[in-house]
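Below are structures written as C-alpha cells.
Below are two complexes that have chain A in common, paired first with chain B and then with chain C.
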Partner chain A sequence: MEGGLRHRPKTLDEVFRLREREPECRLLAGGTDLCVQHRGRLGETPLLSLRRVAELRGVARSRPDLPGAADLLPGGECLRIGAGTTLSALLNETEIERGFPALRAALSAIGSRQIRNVATIGGNLCNASPAADGAPPLLVLDAAVEIASREGRRLLPLEEFFRGPGRTSLGAEEILAAVWVPLPFEDEVSVFLRKGRVKMDIAIASLALRCRRGAGTLSGLRLAAGAVGPTPLRLRRTEALLEGASLKDCGLVREPGGRPRAREDGLLARAMDEASKEIAPIDDLRASAWYRRRLVRVFLERAVAEVFAQ
Partner chain B sequence: MTGTRFVGTKFPRPEAPDKVSGRALYIHDVVRPGMLHGAIKHSAHAHARILRIDTSRAEALPGVEAVITGFDTPELRVGFLRENRALKRDKVRNQRDEIAAVAARDPETARRALELIEVEYEVLPAVFDPVEAMREGAPRIHEVDGRGRPTRDNRVPMECRHHSGDLEAAKERSAFRVAGDYEVPWIQQSCMGTAGCIAEFDANGDLTVWAKTQIPFLAQRDFNRALEEMGLEGRNTRVIVTTLGGGFGTGLDTHCYEYIAILLAHRTGRPVKVLMDREEEFRYLSPRQSARVHIEQGCDEEGRLTYREVRVLQDNGAYASWGATFPTVMLLPVTSLYKVPVVHFDAEIVYTNNTYAQAMRGYGNPEVTMAIESNLDELALAAGIDRLEIRRINCNEPGEVTPMGARVGSCGLRACIEACAEKLDWRAKPGRNGRLRGVGMASMLHVGGSGRIYRSDASGIILKLDDFGNVNVFYGGVEMGQGLHSTIRLAIADSLGVLPEKVRVNPTDTATCPWDVGTHASRGAFMACNAALEAVRKLRARLFAYCVDLFPREVERALRKQRAGGPPPRPEGGAAPDRSSPPSAEADLSFAQGRAPGDFELEKGLVFVKDGPDAPWAKIPLDRILRAIHFREGGDMLTETAFYDPPSELPDWREGRGNMSAAYTYGAQAVELEVDPETGEVEILRFVSAMDIGKVLNPQALDGQVLGGLAQGLGYALYEEVKTEEGAILNPNFTDYKLPTAHEMAFPVDLVYVETDEPTGPFGAKGAGEPGLVPTAPAIANALRDALGVSLRTLPMTPERILRALDPSAS
Partner chain C sequence: MKARLRFRLNGKVVETEVETHWRLLDLLRDGLGLTGTKEGCGAGECGACTVLCDGEAVNACLMLALEAEDREIRTVEGLVGPGGRLSAVQRAFVEEGGAQCGFCSPGMVMSAQALLLEDPDPSEERIREALTGNLCRCTGYKQIVAAIRRAASLRRSEAGEGERGEAGGEG
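Showing the complex of A and B:
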C-alpha cells in the first residue's frame, strides 16, 4: 500500500468517488492533527486531501434547507461555516468577531498562527479530541453539523456528533461538510475559558458559557466543558440550576483583591458542585482529574462573574 | 598585545549566514557515497534475561545489508565504569537497552527490519526507585561490575563527599536551623538538532566518525578502544564534528548508537548513518540527572551561616554515564556558595531499571542550588532576617578560600545581589485581579575557569597565517550554537592586530586540531581565548623578528610604488588613505632600519614601527610581510601552537577538596511574578539577571547564553519533566513534554554584567555558558513562597503542585 498524498480532488463528488474506490485513504484537511498523530511519518499513510475542495470553504449567512432544520435550528437564519474553513479565515470574519466572542477566543487559543493558517474548523471537530477548543463554544451556541455523502445531506446536533475520544457519528462514506450556527441574540453574552500547561498547548480543561442577559438574569444558559470527559460535554444539570438566576441568587461577591467569589450559600456555589459532578475527568500526563475539577469550578465561577460584569 | 577594539563589541557570527540560509551541514545533511542507514532494536522490558534473538526474517528483507546482535559482534564496552555494552547479550536492564541493529539501504527498510527481529525474554523483577533499590533483596541490576568483580548491592561505586568541621557542634551553636527535602526531575536537553553519526572505515581499517559530539578527542580515545576490542589494533579513529544544533551536555559521552554504527560499518564495509528522531532521542538518549536533596542550614543570631548539611540521592538508572558524577560539581556550590564554615556533603548513587542520565548545562549545580537557595530563604524567614540581607551577610569575597579549597579570585557576588535589590521592587504589593504577587531571588556560583575533572584540563590551538593574511584557527573545542567561534575571532583579531573577518575558525576535526578535553563546564571561550593569546604572543614575536630585516625593504618598495603612482596600501577594510599629500621625494627611510623586534606593532592588519611616521607608506599590510617571509630562499610560514592548561587542581573526590577551577563565576537572578491562587497559574512579570563573568568578551553571544540559560531554567522551574512508569518514558515528544516558548519568555529581562576583571581570564573574562540556568528555579520558588506563604520543593512547580501546596489536604 503506497503512502503519501494520493489525491487532491476539487469537488465533493470526486471525494466521494475516490473514497469508495480507496477506502484506506485518510482524509487530510489542515493536517495539523494528522501530522502529530503520525509522528512525522505521515508519508507512510495514504492521504486524500480536501484542501482544494472549494465548496467546503467559506462563511455565509444562510437558511438551512435540510431535513430536521426546523427542529435543530429553529431560529431560521444561521451562519454556515464550511468545514474546510481555516481557523485564521474564521478569525478574520467580522461576523465571528462581533457576534461570537467565545468561539473567537477558543479559535485563537488553538496552536500558533502558522497552525491556525492551515488547521480547519472541520478538522478540529472530526479529530474528536475531548479537548478540541472549537467544540465547547459551538456546543453552547446550539450548533448543528451538516454531514454529506453520495446519498445526500443530513443535519445532526453537534452534541450527537461526538461519540468518544477520536470517534464521531460520521459513517464510513460520510464527511463533515459544514457547521451551522444560529445567529446570536441581541443581548447574547458568551465566554470561553481554558488552560494549557503552556500557552500554546492542548487544553487541560476548558469551559464555554452562553446566555442572554435578559433582565439581569441568566436566561437561555448553555454550558459546555472540554477535556473533562470522553467527549466535549454539555453541562445540562448545571445549566438547569443556574437558569434564570440573578446576580443575587448566584451569591457572587467581589473580594477586596478584585477576584469574584461565589458565596458558599449561593446558587453559583451549588452549580460549581454540580458541574464537578457532571464532568468525568481522568488523570493523564497533562493533569490530574482533581486539578481538572478545580479548573472547571473556577472557570464557571469566573465565567458567570464575567457575564454579570459585562 | 594591542588594546582591545573588537572584544566587548557586537559582531556578527561567522557561521550565522550559512545557518539561516540552510547551508550549514548538520549530521542530518551529511551523506557519504554508498551510505547505509542503521536502526536499533531496543528492549521491550525494563529488566529481563535475553534467551534468544532470531534475526532471520529481518535478514531476509530486501534492502537489508546486515543485522547484528551482541552474540555475533565483538563486545564493546561503554561508559566510564565500563559496565555497559553497545549491544546487550546477557540481559536488558532498562527499556532503552540495545539488543540488535540493522543496516539497510534506507531508513524505512531498516525500521521495518527491526519489527521482524524476534526476541525471547525471561522477565525479571525490576526496581524503579533508588530507595527500594538499596534495600536488601532488591533486584540486582549488575551482578558484576565493569571489571567483572561481584557487586555487593546496587550502589554505584562513585565516591564523592566532603566533611569539614564539627557538624554537631555547629548545630548546637546555631540560633536557627531549617531543613528541607527537595526533588528535581529528569529533564531533556531538547537540542533543536537531534543526535546522530556516520561511521566509515577506509580500506586500511581506519575509521572516520562524523559525530554530534562535544568531546571529539575523548570520543577518539573511546572509539580507538572499541577498535581494539574489535581486533583492529593500531587502527585510528578520526572524529569530524558536524554543525551542531545544540549540545547542552548531550555530547559529553560516547553513546551506544555510535558504537553500533561502527559495528554496522565494519560488518558491511560501507558508511552507516544512525540518526535519532525526536521520539527516539527522548526514549533512548540520556536526560539530565534527577536528584533528591536533603538540606539543613543554620545561622547565628546575626544571620551568619553556621553550617550546611547536604545529602543527595540519585537514581542512576541502569548504567553509569556522566549523570553519576553530578555530585562532583554539586560539591562546589555546597561547599562554596556563601561563607559557610562547616559543611557536610554526602551523595548516594544507586542503580535502578530506569533510564540513565547524562550531562546537561550546569551539571549538578542547578539541582543543588535549588535546595541551597530555597532553604536559605526559609532560614532567613525563621531568623527574621531580610532575604537580601542574609545574602549580603554571608556573601563571598575575593581572596577567600572555601571549605573545599576553592581559591576565589575575582568575585562580584555582592554587586550581583545589589543589582537584584535595586532593579526590583521588594516591598509587599498586591497582585492584579486577585492574583498574589511575589518577589524572590537566588545566587549562584559556578566554575568560571574550566573545571578540572580529568588529569589534563587543557586546550590546544593552532594559528596558521597564510599568504593572504588569513589567520586559520584549528581549535579542538566545539561550536554548538553558543558563539564560541565568533568569540575566538574577536579575541584573536584584537590580540594579534587583524580585522575579525581575517580570522577563520575551522571545523573541529581530530585529524587537524590539537587535543581539547571537551566543550563543557562553561570553558569554551575561557580556554580557547587563553590558548589563542599564548599562540598570538608567539606569532607576534616571530613576525616582528622577521620585520627587523624585511620591514625596511617593504617600506622602500611601498614608497617606490607610490611615487610611481601606484595605489597606496589600504588598511584592511578601512577607507582609502589620503592621496593628496604624496610622500616627499626625500622621505627618510632610516626610521625603519636597525630596529629591534619590540619596535614593531601590528594593528588592523598593518605592520608599522611604533614611533615611525604616521604615513600610509610607512604601514605595510600583513599579507605583504607574510609573502616576503615565505617567498624567498630559506623562506618560512608563520604557524604557532599553544597548549593551555589552566592553573587548577584535580580534586580529591573522596575528601571533596581541591581548587577545581582557575576562576569562579558568580551571579544572582531575581524575579517578580504573580500567581493565581485558584488555578495555580504563574505569570512572570520581570526578571533580573546579574552575572559576574569577569569581562564581557562577546556581548551578543553572552546575552544569548544568559537568556537561553534563563529560558531553560524557566522550563526546569515550571514546565519540564520526563515522566516514566515502570521505566518507560511516557512523554517522549513535545506534545506531552512542555518546553517554554516565546510566549512563556514574554517578560522583560534586565541583563546586568558585573565586570570584575579576572586575572586568569582572557581579557579578564570568566566562563558564562551555564550560569544563566543555575539560579532560575530557586529564584522562582522563592518568589512563589513570597506570594503564597508556602514552599515548593519539587520541580517542576506546576499549577497543580502549587494548589496542592496551598491545600495539602486536597485529594
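Showing the complex of A and C:
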C-alpha cells in the first residue's frame, strides 16, 4: 500500500470503516512523535489523520455513562478530555488551571510552543513513552481512559493502558477517545516535578503526587513516576507507607539554606528508600539508573515538603 | 501518490497538487519556492521551520502538507507589507542586531509574531518561554530578546497612531 496521508475522515464512524478496510494505516494525531519516528520514510507509511474528527476534541464536565464507570470513577462528575485536544488548548482551560496544578505543570513542560500547539493528550498517552509527561499526573488523579471501537465503548484505568515502552492495551480496531479525570476535592493538593537536561528535553525522571490535606496529614495519597521503568509507574508501596502521615511523622526539617530535608529516622526517609526500590530505571544516553533513583528520592522529599508548605 | 490541496498562504488562496507524504516544509520550499522557511533539524527541535497555522506557531517539519487544507498558513515571506515594508518584528530584529548567521531568524521572527499576536506586551520571561523551541547556534539570544521587546513597543505605538498597519502582515 502506498504511504503518505491517505485519509482525513471527519467522524469516528468513518475512522472505524477506513481502518477495517486498511488496517495497515497508522493513526496520526498531532504528528509530533510520528513524523520524527518516520522521518524520511513518510512515503512508505500509510497514515490516517484524526485531526478533523471534531468529536475527539474538547474538554467538558460530564458524568460517565459507560460500563464499569461506577467502579472506576466512583465520584460521578468528571472532566472528560477528548483525546484529540491539543496540549495548548488544555493549558488554556480554566478548569485545568484551577483544579489540576500537577497536570498543568506537566503539560506545560512538554516540548515547545510549536509542539504543544499541535500535539494531543491522546497522542502523548498512545505513544506510550515511559517518559510521557502527561502520564504521571493523570495516574495520580485516578484517570480512566475511554476506548472506542465499532463494537462500542469501554473504560479502563489509565494504569492498565500502558503495557511497555511504545505498547498499550488498545486492540487493533480500537482508538483512544477520551481521558476521564475525577473532579478534585476541595482540599486537594497536587505536585509535579521533573528533570530534563534542558527545558525542552525529554524527562530524565519525573514524579507526580496528589493528596488531600485532611487534618494536617497526607490522606488519599497517590504517587506516580515517569522515565524510571518500562511504563509510567504508580508507586503503591510508597503510598501505603506515607498514607495518613503528619509532618512530624515524616521527619521533615529545614536545612540552614531553607532546603527541606528528610531526617534519617523519619517516615519520609523510609518512603524514599521504598520508592527507589519500587522503580526500575535503566542506564541510557540521558542518565544512569543510579542518577534516576537519586532524582526520584529527591523529588519525593521535595514534593512532600511542598504539600506541607502549601 | 498525489492529492489536491486548497489552503490560504500569506493571505491568498492556493490550490495545488502535493505528494501525500510531503511535509508542509517540503511544499513551501520545494513545491512553492518559498525558501524563507528553513529546515534545521527536521525533528521539531530547532524551530527554524516555524510558520503560523491559523495564527499559532507550528513546526512545518512536523506537519503533513495535506493537513493545511482549509487553514491559513503564514510564512516569513508573508510578513512583508506593501512596497516591501518590513513588519515591526522584522525591523526590530534589524535594529537590534537580532541575527548573526541568520539561519534561525525566520523561525525566531515567526515565533515572535505568534507571541505578539497573543500578548502585545510580553514580559522577558514570556519572551524566553516563547522561544524555547527556537535554537540560535550563534547564541545571539540577548539581541533576539531585545528585538522582540522593541517589536512589541513598535507595534503598540503603531496601533496607537491608528496607522494602516502592516496590511497582510498580521497573523
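Methods note: the second predicted complex is superposed on the first by the 307 of 310 C-alpha atoms of A that agree within 3 Å, B and C clash if a C-alpha of one lies under 4 Å from a C-alpha of the other, contacts with A are read in each partner's own complex, and residues count from 1 in each chain.
Basically, a contact is a pair of C-beta atoms (placed from the backbone, for glycine too) under 8 Å apart; a residue touches a chain by one contact, two chains touch by 3 or more.
Since the structure is predicted, the reported quantities are computational estimates derived from the model, not experimental observations.
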{"item": "First, second, both or neither for A:V118, with chain B first and chain C second", "value": "second"}
{"item": "Chain B versus chain C as contact partner of A:S88, first or second or both or neither", "value": "second"}
{"item": "Partner chain(s) touched by A:L47 [first = chain B, second = chain C, both, neither]", "value": "second"}
{"item": "Which of chain B and chain C A:V298 touches, first, second, both or neither", "value": "first"}
{"item": "Which superposed partner A:G258 touches (first chain B, second chain C, both, neither)", "value": "first"}
{"item": "Which superposed partner A:A287 touches (first chain B, second chain C, both, neither)", "value": "first"}
{"item": "Contacts of A:V36 with chain B and chain C, given as first, second, both or neither", "value": "both"}
{"item": "Contacts of A:L28 with chain B and chain C, given as first, second, both or neither", "value": "second"}
{"item": "Which superposed partner A:S62 touches (first chain B, second chain C, both, neither)", "value": "neither"}
{"item": "Overlapping contact positions on chain A, where the chain C interface meets the chain B interface", "value": "36, 39, 199-200"}
{"item": "Touching residues (chain side chain B, partner chain A) in the complex", "value": "108, 277-279, 430-435, 678-681, 719, 723, 730-731, 733, 735-736, 738-741, 743-744, 798-800, 803, 810-811"}
{"item": "Of chain A, residues touching chain B in the complex", "value": "36, 39-40, 44, 195, 197-202, 255, 257-259, 285-288, 290-291, 294-295, 298"}
{"item": "Interface residues, chain A side, partner chain C - complex", "value": "2-6, 8, 28, 30-32, 35-36, 39, 42-43, 45, 47, 49, 51, 88, 111-115, 117-118, 199-200"}
{"item": "Touching residues (chain side chain C, partner chain A) in the complex", "value": "1, 3, 19-23, 42-45, 47, 50, 53, 56-59, 61-64, 66-67, 69, 111, 114, 129-130, 132-134"}
